[in-house]
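The structures considered in this document are given below.
After this come two complexes, each holding subunit A, first together with subunit B and then together with subunit C.
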Partner chain A sequence: MEQILVNGAILAANYALIALGITLIFSIMNVLNFAHGQMFMFGGLIVYWTVAQLGLPYAVGLAMAAVAVGLIGMAFEVFFFRRVMRDSTREENTMLLAVGTALLLENAALSLFGEKQRGIPPIVTGVYRIGDAFLPANRALVFGISLVLIVAILLFVTYSKTGRAMRALAQDRTATLLMGVDTARISTLGFGLGAALAGIAGGLLITVSGVNAGIGTAISTKAFIMIMIGGAGVVSGALLGAVALGFIEAFGYAYLPGSLTYLMIFVALILFLLIRPQGIMGKPWG
Partner chain B sequence: MAQIDTSPPAVVQPPARSGAGRFLLVFAPLAALLLIGVPLFLGGMPYWLNVVTNACLLSFGSLGVWLTFSIGRVNIAQGAFALIGGYTVGLLTTALGLSFWVALPLAGLFAAVIGFVIGWPLLRLRGIYFAMVTLSLTEAVRLVFLNIGNLGGAGSVTNIPTPPGIASPMDFYLFAAVLLLVGYAGIWRLQESRIGGVFRSMRQNEELAASIGIDVALYRAMAFTICCFMGGIAGGAFASLQQNVYPQTYTVSDSINFMLYCFLGGLEFVLGPIVGTFALVIAFELLRAIQEYQALLYGILMIVVMLFLPNGLLSLRRLLGGRE
Partner chain C sequence: MSTRYFEARDLTVSYDKVAAIRDVSIGFDEGQVVALIGANGAGKSTTLRAITGLKRPGRGEIWFEGERIDQIAPAKLVERGIAMVPEGRRVFPHMSVRDNLLMGAHTREDKAGVASDLERILTRFPRLRERLRQNAGTLSGGEQEMLVIGRALMTKPRLLLLDEPSLGLAPLVVRDIARLILEINRDEGVSVILVEQNSRMALRISQYAYVLETGRIGLEGASAELIDNAHVRALYLGG
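What follows is the complex of A and B.
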């Protein structure tokens, strides 16, 4: 039982990074980032490349992953999304563009890194014992880094000037523009920050379970489940969704055979959405 | 006192072609291309014949997705219903020994019934919620079949017999082409009818449509059910073409592809999903020549189309021909 709770907490912390990133992008840009899982995967592969191929320390790899994936996100916003949001006639267009960028990233990863499962050895070795539960030091480190980052992001969004501008943008784009905020710059920053969070999450997970180029869609699906549970575009909802999914998954894997867990999650999710279509914290119709 | 001008606006109406005329203008070349052109040119190339057969079946499924686009829902569940159709045909023809020609309509009907039952409540969701939940549905249906397999049931169906009366790949191609033409004609007829108008009004504003007495819940379930029916037929025919069906036959990526085909062809045109499917399937095959960068170039190509032709490949005609 303790073991399940420990596993759930670690999963929840990692998922929270993913959910925060996709929520940031959705609330600021009103774009459902289908490429989020692919950004996660890219972050993991960049860490693999810097650590296993170039022999640099893990911290450098993680920073590289955050910067590189963040830059990819910013480039997507500047070159793709801004243009399509200005010209599109149907609101579906940005969603489909996001699907296109997901395919682009996945195919780029296939061409650059191949399709093999990549992993790096744990950064720290050793095992802690909490009651009856075992906690490998490496997972504890991943958990700690995730928690620190989540708190940092929440503080940044709540108290910094840029963060406040992001929240304002999420509420009302026109009003924010009228208050003299450079909305184009904030949009780019927000997209970059959301992407960087995905990259870091991938860079953290590669030390635990490895990453391959095809993992993106599965991760995106998990991100969608989390924001469907919590409510799209709401930070508290994203965290709640991550905690819910992390613990449900941990319990499911402990008590149910393999793939049955996710089947139950999907069935429960669909039933839940019938009762509460906007998620726990969401506004109706996002 | 200002004079109110009551004379009719001086616009010369272009001679409007009748509905049937406009239909034949697209349908006749399409039929000629599919039924005469392709057999003539690709008859000696079994590989390409297979590619085109596949494209015909995928187009048929995409036509269904196009219909859900026309009511303003992004549907990422078509893979699920294709999988249901595939398993229905597989199990009915192998375990029960039914003829393919009986099993295929049953596969469509079965997918449609499931689509109706699931779709009725789910269609209350809109926008990204509907997209996300249909995406989950694809994964859920795949997991259902996977778990049936793990629990000792029929996880996969192999040795599905070829349809009686279809002896060669060319026969199968012609069957797929005819199926596609029938589907195209059906969807065209539907979108030209009053129901098509209702669908478009719901895409623009569901509340407004409801306020003038349209049973929104019924019509959107209708669109989704037809979509699922077509998905079931496409999946069933594909299972018979491949002679097997696995839980992996249709995954989330396939559902996403169905949606992309519609979008890249053009959401304003019934021909859109067909053009989109053929363009993407054939482009992917042509890019095979450059091996390792095939996937990358395919992705770049797709982004370029989205950036420069945001209303689909068919909007190119409008761009070249100036304004309509």
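What follows is the complex of A and C.
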């Protein structure tokens, strides 16, 4: 039992980075980032490249993953999303564009890194014991870094001037413009930050389970599940969704045959959405 | 060139090739309260949107403090001293009253000035001080109107544009808001363009007024005289 809780907490912390990133992009840009899983995957592969191939320290690899994927996100916003949003009259256009960017990243990863599962050895070795549960030091490190980042993001969004402008933009674009905010710049930053979080999450997870070029869609699906549970566009909802999915998954893997867990999660999600379509923390639509 | 403090000359704004306003010209001197009144759809809000750059005029010029401003991006106008309070209040609902006010200071770097302005605004609006940590979405309509006016004042404007501040408010609250607009104009030396469907209130607190009729200025004059004008009385003041 303790082991399941420990596993759940580690998953939840990693998922929270994913959910926070997709929520940032969704609330600021009103774009559902279908490429979020691919950004995660790219972050993992960049860490693999810098650590396993270039032989650089893990910290450098993780920073590279954050910066590179963040820049990819910013470039997507400036060159693709901004233009499509300006010229299109339908919201579906940005969705299709997001799916396109997912394919773009996936194929870029296939060309650059191939289709093999890539991993790097644990950063730290050793195992802690908590009660009856075992906690490998590497997973503890991943958990710790995730927690620190989550707190840092929450502090940034809550207390910094730029973070406040991001929240304002998510709530009322015109009113934000009237406050003299450079909304284009804030949108680019928001997209970049959301993407960087996905990259970091991937860069952390590669030390635990490895990644491959095709993992993106599965991760995106998990991200969508989390924001559906928690409520789209709400930070508290993202965190709640991550905690819920992390623990459900940990319990599922412990008590159910492997492939059954996600089947059960989807069935439960459909039933849940029938009762509460806006998620736990979300506002009812319309 | 323009010699007046504020001047909009021959503004024409079209939506999908249909003109919403045509050849609208307004002008006034520093420190005045000017009203734009008229029926729903007469073009009052469009005129304001043209002034703030939210909708570019197809034709015409806008001058403020001796400089032409009709090509400047809306966000940059804030730094030029023009603040707009949009129709329907538009607070940031999931943000505290304090954060809403601080959003008004977004472009300002003078930390001490921001702190003292925040204090001054909270003294002017004691209700906002009581609700400082509360989310703006939980405020009453009148409190939200005070908040958006306070938020606009945090930008340190010299010209304040108010779009239908009385909309949906109870008569007593409208009176409070009217008094506040006058006080702000008097105490802070801020010029005001007031767009209102509540013509009576607008004519009472303004010195000069323009009456918009289907996209054109049908009538203009000193507000005190317009109140007594038979045409205005019949059409906009309920006889």
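Everything below uses one rule, namely that the second predicted complex is superposed on the first by the 285 of 286 C-alpha atoms of A that agree within 3 Å, B and C clash if a C-alpha of one lies under 4 Å from a C-alpha of the other, contacts with A are read in each partner's own complex, and residues count from 1 in each chain.
Quick note on the criterion: a contact is a pair of C-beta atoms (placed from the backbone, for glycine too) under 8 Å apart; a residue touches a chain by one contact, two chains touch by 3 or more.
Note that the structure is predicted; figures quoted are calculated from it, not measured.
Enquirer: Taking the superposition on A as described, I'd like to know which of subunit B and subunit C A:Y262 touches: first, second, both or neither.
Expert: first
Enquirer: Pick one for A:A165: touches subunit B only (first), subunit C only (second), both, or neither.
Expert: A:A165: touches subunit C, not subunit B.
Enquirer: Which of the two partners, first being subunit B and second being subunit C, lies in contact with A:T217: first, second, both, or neither?
Expert: first
Enquirer: For the three-chain arrangement built by superposition, which of subunit B and subunit C touches the greater number of subunit A residues?
Expert: B
Enquirer: For A:L155, select first, second, both or neither according to whether it touches subunit B, subunit C, the two together, or no partner.
Expert: neither
Enquirer: After the superposition on A, what does A:A108 contact: first (subunit B), second (subunit C), both or neither?
Expert: In the superposed model, A:A108 contacts subunit B only, not subunit C.
Enquirer: Both subunit B and subunit C contact which residues of subunit A?
Expert: In subunit A, nothing is touched by subunit B and also by subunit C.
Enquirer: So in the complex, which bits of subunit A are touching subunit B?
Expert: 26, 32, 80, 83-84, 87-93, 95-97, 99-101, 103-108, 110-111, 217, 221, 224-225, 227-228, 232, 257-260, 262-263, 266-267, 269-270, 273-274, 277-278, 285-286
Enquirer: Contact residues on subunit A for subunit C in the complex?
Expert: Its residues touching subunit C are 161, 164-165, 167-168, 171-172, 174-183.
Enquirer: Where on subunit C is subunit A touching in the complex?
Expert: Residues 52, 54, 74-79, 83-84, 86, 90-95, 99, 102-104, 106-107, 151, 155.
Enquirer: Which bits of subunit B are touching subunit A when the two form their complex?
Expert: 69, 74, 118, 121-122, 124-129, 131-133, 135-137, 139-140, 143-144, 146-147, 150, 251-253, 256, 259-260, 263, 267, 292-293, 295-296, 298-300, 302-303, 306-307, 310-311
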